[in-house]
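Here chain A shows up in two complexes: once beside chain B, once beside chain C.
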Partner chain A sequence: MLSALPEAISILLSLEGLLVLTLGTILGIVLGAMPGIGSTVAVAIILPFTLTMSQAPAIILLLAVYAGSVYGGSIAAILINTPGTPQSAATCLDGYPMAQRGEAGLALGWATVASVIGGLVSAVVLIFAAPQLAALALEFGPIETFSLILLGMTCIVSVSTGSVVKGLLAGMIGIFLSTVGGDPILGEMRFTFGNWQLFAGFNLLAVVIGVFALSEVFIRASNQISTVSELVSFNGVVLPRMKMWKGRVRNLAKSVAIGNVIGVLPGTGAATAAFISYAEGRRSSRNGGGFGKGEPDGIVSSEAANNAVTGGALVPTMALGIPGDAITAVMLATLTLHGITPGPKLVEDNPTLIAAIFAGFFIINLLLLPLGMLLSRVAAPILRIREAFMMTAIVILCVVGIYFVRGNPFDLLVMGGAGVVGFLMRRQGFPMAPLVIGMVLGPTLELTLRQGLILTDGSFPAFFTGHPIALVLGLAAVAALLLPLVRSMRKGTVG
Partner chain B sequence: MKLKTFATAAAVAVVAASGVAAEGYPERPINLIAPFNAGGGTDLLLRGLAPHFSEAIGANAFVSNMAGGSGTVAASALQGQRPDGYQLAYMSVTVSTIQPQIKNVPYGIDSWTPICSIAASPTMLFVSDDSPYQSMDDVIAAVNAAPGELVFGSSGPGAITHLTMVSAFAGLGIIDDMKHLPFQGSGPAIKELTAGNIQFFGDTELLMKRGDFRPLMVFNNERVESFPDVPTATEVGIEAPLNELYLWGGLFAPAGLEPEVTAKLEAACEAAVASDGFQQFAANSGTVINYRGAAEFDAFYRAQYTANATLIEAAGL
Partner chain C sequence: MQRVTNERVLVQIGLLIVAVALFASTFGQQFSSADLAQSPMFFPRVILILWMGLGLIALLQSIRSDERTTKIDSWPRMAVVLVAALIYTNVVASEGFFLPSVGFAIVCLLAFGIRRPWLLILFALLVPGALVVLFNHTLGMPLPTSRFTYLF
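After this line comes the complex of A and B, so read on.
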C-alpha cells in the first residue's frame, strides 16, 4: 500500500482533492457545531453529493465531514454548554465552566489541540497498524464487550458532579429509557403501551439535546437560579502555550490511546471513549481534583479520545469490511455504490484508493487546526447577540436537527419531554452526563450480557473463567468502584 | 330528503374530485419513503432510483427517511394515509409480511396498494472459510454429535437473516439442538462469524462476499450462476415453504389507490427500473433486479404473506 502513496498524494493534491478536503472539513465543523445535527446526520446530508463523484474524493469528503463534525461538537459544548452530539457531552463538563470564567478562547484552544493530536495519532496508527488492531477487534466477542461496557459504566461515578447518589439515579434513568422498544433478543415490545411510535425506542439524540440544550434554555428562561451567568465572552481560539502543557502530556497520551483502542472495537463508539477517557483522566491526572470545575485536562481527556475514535473506527472498516460505527457503515455503503466490495481484501485489491483515504485522513486532521481557528473567529460575533435571540436560535436548531434525523414528529415530543424532565432534574441538582452514559451504554450492556448468557448456557461466572480479557476488564471495573471508597475511608471521611 | 340529497351530492363531488385528481396526476412532488436510516441499503437503492422515477413520471420525486422499529415506524405512519399517490414507501419482505405478523402494528395484509417490485435476492447459508463443514450433511452430523453446542447468528429477531437460519435448521429438524445468537445488524454478526463465536449465518450473496466465507446452500428455486456447486435448499432436503427465501422489496402506496394512479406509477416504475442509469447503479451495488407489475406484485406479496406465517411459527416468534 505504501508504494501506492505517490499516486494517492497526486489525487489529493489535485483541484478536486483539495476542494473536497477543505470544504468537507469546513462543512463538518459547522454541522458538528450545530446542536442536534451531529456526525451521523452531517454525513447523511453530504452523502447524496458523493454519488456523482469518483471513488477517492467521495470517501474523502465523507471522512472530512466526519472528522470535522466530531471536532465541531466541542465548539457548542464549550461556548453554550450544548453538546452537538453525545460524544462531546463530556467536553461540556469542564469546557463550559472554563468559558464561564472568561477563558472560552483558551478552552477551545485546548479542545482544538487535543482534537488535532488525537486525530493525527489515530491516522498514523491506522496507516501502520490496521491489520494488527483488526485482530484485536476479533478478540472482542460479546463477553469481552460486556466487560468493557461494565467498566465504562463506572464512569458515572466520575462524572457525577455534586452528589454521587443523584448521579447513579440519573444513570439508572438513562438505562431504563434505553430499554423502551424492541427486545434485542426476543424481538418483543417493551414499555411501549401498544404505541407504535415507541417501537423504535426513545431517540438518543432527541433525549441528549433535550436534557442538555433545551433544559439549558428553560433554566435561562426561568431565571430563578442565581448561578446562571451571562453568555460567555469570546474572541476566537487562544492556543495553550508550551509551558502550560507541563504535567499534562501523560494525560493526553493516555486519552489518545483510549480513543484509538475503543474506536477499533465495533459497537462502542466516540461517546463511550470520551466518557471512559474522562473518568480515567479524573482518576490518574495530577490535576484530577479540578475535574468538573473547568480543568483543561478534562477537555483534553474528552476531545483527544473522541477524535482518536475516528481513525480507530476506520480500522475494522478498512481491514475487515465491518463498520466500526454508524458513520463508517455509511462509508462502506458508499464504497459498494462505487463498485467496490468491502472486505478483508479491500486494501489488497485497491491499494491506491486506500492510500489516498489514509493520507487524506491525515491531512484532514492537520486542516482541523487552521480551519477550526478560522471558523471560531467567524462564529465569535454570533455569541454577542442578545441572549433571548441566542436561546431562540438554539431551540430552532434543535427542532430542525432532530426532525431531520428520522423525519418523525414524535422525536420532537421526546425532545420536549426530555427538556422538561432535564430542567426539573437539574434544578434538583441531578447531573445530566450520567443519564446520557446510561442511555448510550445501556443497550450494548444489555445486548452483550444476554448474548454472553446464551453462549455460556446461562452461567455468569463463566464470563470470567474462560475469557482472560473479560476477567481483567471486570476486575478493573470493580477496582474503579472500590478504590475511591477505600481511599476516602483511609482518610476517615466516607462520602 | 334533504339529507339524502346532500349525501348524493357529496358522493358525486367525491367521485368527481378523485376523477379529476387521477387525470391531473401528478401535479406535486412525490415522496419516496425509506423506512431505514440514510446511508443504508434501502436508502441508497431509493436514491439510485429516484432520479429515473422522477423522469419517467414527469414530476419531482424525493427520498425521505423515517427510520425505526425495523421499518415498522414508517409503515405504521403511512398506513391509513390518504391514498393520493404522493406518498410511497419502499418496503422489504420483512417490513411488509413478517413484522406485521409478529408485532402489534396498525397495518396488515390489506393495508397496501402494491405498485411494483424492484429487487429480490435469494439468501444463502454460509460458514467461515476455515470451518470444518463442507456440506449440510456435515452440519447435521455435527449437531447430532454435540446437541446444544453449535450457534447460528442473525441480524436481529424476525430479520430475513433469522428466517434463513430457521428455514435451514427447522427444515432439517435440528433447530432444537442449536443456539440462536441475535446481533444488531449483519455487520456485527459477520464479525463474530469470522471470530468463531457463531458457526453459521445466512444473508444475500452480496453480504457473503464481504468476508472469507463459504456458502453451503442457497434458498433459490435453482442453483445460482456464481456458485454452481452450491446446492439449493430443496436439493438438501428442505421442503416448501421453507425451501425458498428472497430478500425482496418494492414500492407500496396506502390501500385504496385509484387504478389510474396505480397504472401511472407502475409504468413509471417499470421505465425507471429499465433505465440505463438504474441498471448501472444495480450492477455497481450488487442489486439483483426483479421487476413485477402491480397485479403480479400484489399476488406475489399476498402469497409471501401467507407462506411466511409458517416460517414465523417455526421460528417461535
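After this line comes the complex of A and C, so read on.
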C-alpha cells in the first residue's frame, strides 16, 4: 500500500482533491455544529452528491464530512450547551461551564487541538495498524464488550455533580428509556403500551436535545430579567499555550488510545468512546477533581476520544466489511455503490484507493485546525445576539434537527417531553449527563449481557472465569465505581 | 410537614411511583421465551429494581434534608415559553414548519421582553423562512408543509 502513496497523494493534491477535502471538512463542521443534524445525517445528506464522482474523491468527501462533523458537534456543545452530535454530549459537561465563566474561546481551543491530535493519531494508526486492530476486534465477543460498557457506565458516578444517588438514579432512568421499544434479541415490544410510535423506542438525540437544550431555554425563561441578558462571551478560538499542557499530555494520549480501540469495536461508536474516555480521565487525571466544573482535561478526554474513533471505526469497515456504527454503515454503502467490495482483500485489490483514503484522512485532520478556528470565529457574532433571539432560534433549530433525524413527528413530542422532564429534574438537583450516558450505553449493555448469558448458559460468574479481558475490565469497573463512593462517604457527600 | 410536601419530595415520590408502576407492568405479559437471558423483561426488571432502590434512598434523603428547589423568578414567562414550546412541537407536523415557527417566535420573543414590532416580525419571518428555503428548496430535504400550500 505504501508504494501506492505517491499516486494517491497526486490524486489528493489535484484541484478536485483539494476542493473535496476543503469543502467536505467545512460542510462537516457546519452540519455537525447544527443541533440535531449529527454525523450520520451529515454524511447521508452528502451521499447523493458523491454518486457522480469517481471512487477516491467520493469516499474522501464523505470522510471529510464525517471527521468535520464530529469536531463541529463540539462548537454548539461548548457555546450553547447543545451537543450538535451525541458524541459531543460529554464535551458539554466541561465545555459549557468553561464558557459560562468567560473561557469559551479557550474551551474551543482545547477541543480543537484535542480533536486534531485525536484525528491525526487515528489516521496514523489506520495506516500502520489496521490489520492488528482488526485482529483485536475479533477478540472482543459480547462478554468482553459487556465488561467494557460496564466500565464506561462507571463515569455516571464521576459526572454526578452534587449527588451520587441522584446521578445513579438518573442513569437508571436513562438505561430504562433505552429499553422501550423492540427487544434486541427477540424483537418483542416492551413498554409501548399499545402505542406503535414507541415501537422504535425513544430517539436518543431527541432526548439529549430535550434535556440539555430545551430545558436550558426553560431555565433561562424562569430567571430574572437581569440574568436573562447574560450570554457566554466569545471572540474566537484561543489555542492553549504549551505550558498549559503540563500534566495533561498523559490524559490526551490515553484518550486517543481509548478512542482508537473503541472505534475498532463494532457496535460501540464515538459517543461510547467519549464517555468511557471521560470516565477514565476523571479517574486517572491529576485534574480529575475538577471534572464537570469546567476542567480542560474533561474536554480533552471527550474530544480526543471521539475524533480518534473516526479512524478506528474505518478499520473493521474496510478490513472486515463490518460497519462499527450507523455512519460507517453509510460509508460501507458508499463503497459498495462505487463498486468496491470491503473485506480482507480490499487493500490488496485497491492499493491506490486505500492509500488515498488513509492519506486523505490525515490531511482532513490537519485541515480541522485552521478551518475549525475560522468557522468558530464566524460563529462568534451569532453568539453576541440578544438572548431572546438566541433562545428562540435554539428551539426552532432543535425542531428542524430532530425532524431530520428520522422524519418522525413523534420525536418532536419526545423532545418537548424530555425538555419539561429535564427542567423539572434539573430544578431538583438531578444531573442530566448520567441520563444521557444511560441512554447511550444502555442498549449495548443489555444486548451484550443477554448474549453473554446465552453463551454461558445463564451463568454470570462465568463471564469472568474464562475471559481474562472481561475480568480485567470488570475489576476496573468495580474499582472505578467503589473508589469515588468510598471517598465521598468519608467526606459525607454521597447524598 | 413542610419537609414532606416540598417540591423536591413530591418529585421523588412521583419518580418512585412511576418505577413501581412500570415494574408492576412487567408482570402478566406473555412473551415467546421465559428463559432468564432470553426474556425481554429480564434486563428492564433489573434496572427498575435499581431505580426503585435508588429512588427510595433519594426520597429519604430529600425528607431528611432542608435543601430547597431553585427559586423561579418569573413564573409567567417560564409558563408562557414552556407552553408555547410544547404547542409548537405538537403542531409542526400537522400545520407545517413555517407558520407554527412564526407564531412560536413571536410569542417567545414577547415573553423574553422584545417589544419592537419590526424586530419581532423580521426575526419571526426571516429565521423560519431562511430554513424553509434552505431545506425545502435548496437541499431538497423537505420540512413539514402546511395544509394551505406545498411551498412552506
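Criterion: the second predicted complex is superposed on the first by the 478 of 495 C-alpha atoms of A that agree within 3 Å, B and C clash if a C-alpha of one lies under 4 Å from a C-alpha of the other, contacts with A are read in each partner's own complex, and residues count from 1 in each chain.
As a convention for this text, a residue touches a chain if its C-beta (ideal position, glycine included) is under 8 Å from a C-beta of that chain, and two chains touch if they have at least 3 such contacts.
What you see is a predicted model, and the numbers here were worked out from it, not measured in a lab.
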Just chain B (first), just chain C (second), both, or neither: which does A:185 touch? both
For A:454, decide between first (touching chain B), second (touching chain C), both and neither. both
Counting only touches as set out at the top, which of chain B and chain C does A:138 meet: first, second, both, neither? first
Looking at the overlay, does A:3 come into contact with chain B only (first), chain C only (second), both, or neither? neither
A:339 in the overlay: touching chain B, chain C, both, or neither? Say first, second, both or neither. first
Just chain B (first), just chain C (second), both, or neither: which does A:52 touch? neither
Tell me the contact category for A:391 with respect to chain B and chain C: first, second, both or neither. second
Interface residues of chain A shared by chain B and chain C, listed 183, 185-186, 451, 454
Complex contact set, residues of chain A against chain B: 40, 43-44, 47-48, 51, 137-139, 141-142, 181-187, 189, 194, 196-197, 199-201, 203, 266-267, 316, 320-323, 326, 329-330, 333-334, 336-339, 341-344, 406-408, 447, 451, 454-455, 457
For chain C, which residues count as touching chain A in their complex? 7-8, 11-12, 15, 22, 25, 31-33, 35-38, 40-44, 47-48, 50-51, 54-55, 57-58, 61, 65, 67, 69-70, 72-75, 77-78, 80-82, 85-86, 88-90, 92-94, 97, 101, 104-105, 108-109, 111-114, 123, 127-128, 131, 135, 139, 141, 143-144
Mind pulling up the chain A residues that touch chain C in the complex? 45, 163, 165-166, 168-169, 172-173, 175-176, 179, 183, 185-186, 188, 190-191, 193, 214, 217-218, 221-225, 227-228, 386-389, 391-393, 395-396, 399-400, 403-404, 409, 412-413, 415-416, 419-420, 423-425, 427-429, 446, 449-451, 453-454, 458, 495
The residues of chain B that touch chain A in their complex are 37-41, 44, 47-48, 64-70, 72-73, 76-77, 102-106, 148, 151, 156-158, 179-185, 187-188, 190-192, 194-195, 197, 206, 209-212, 281, 283-286, 317
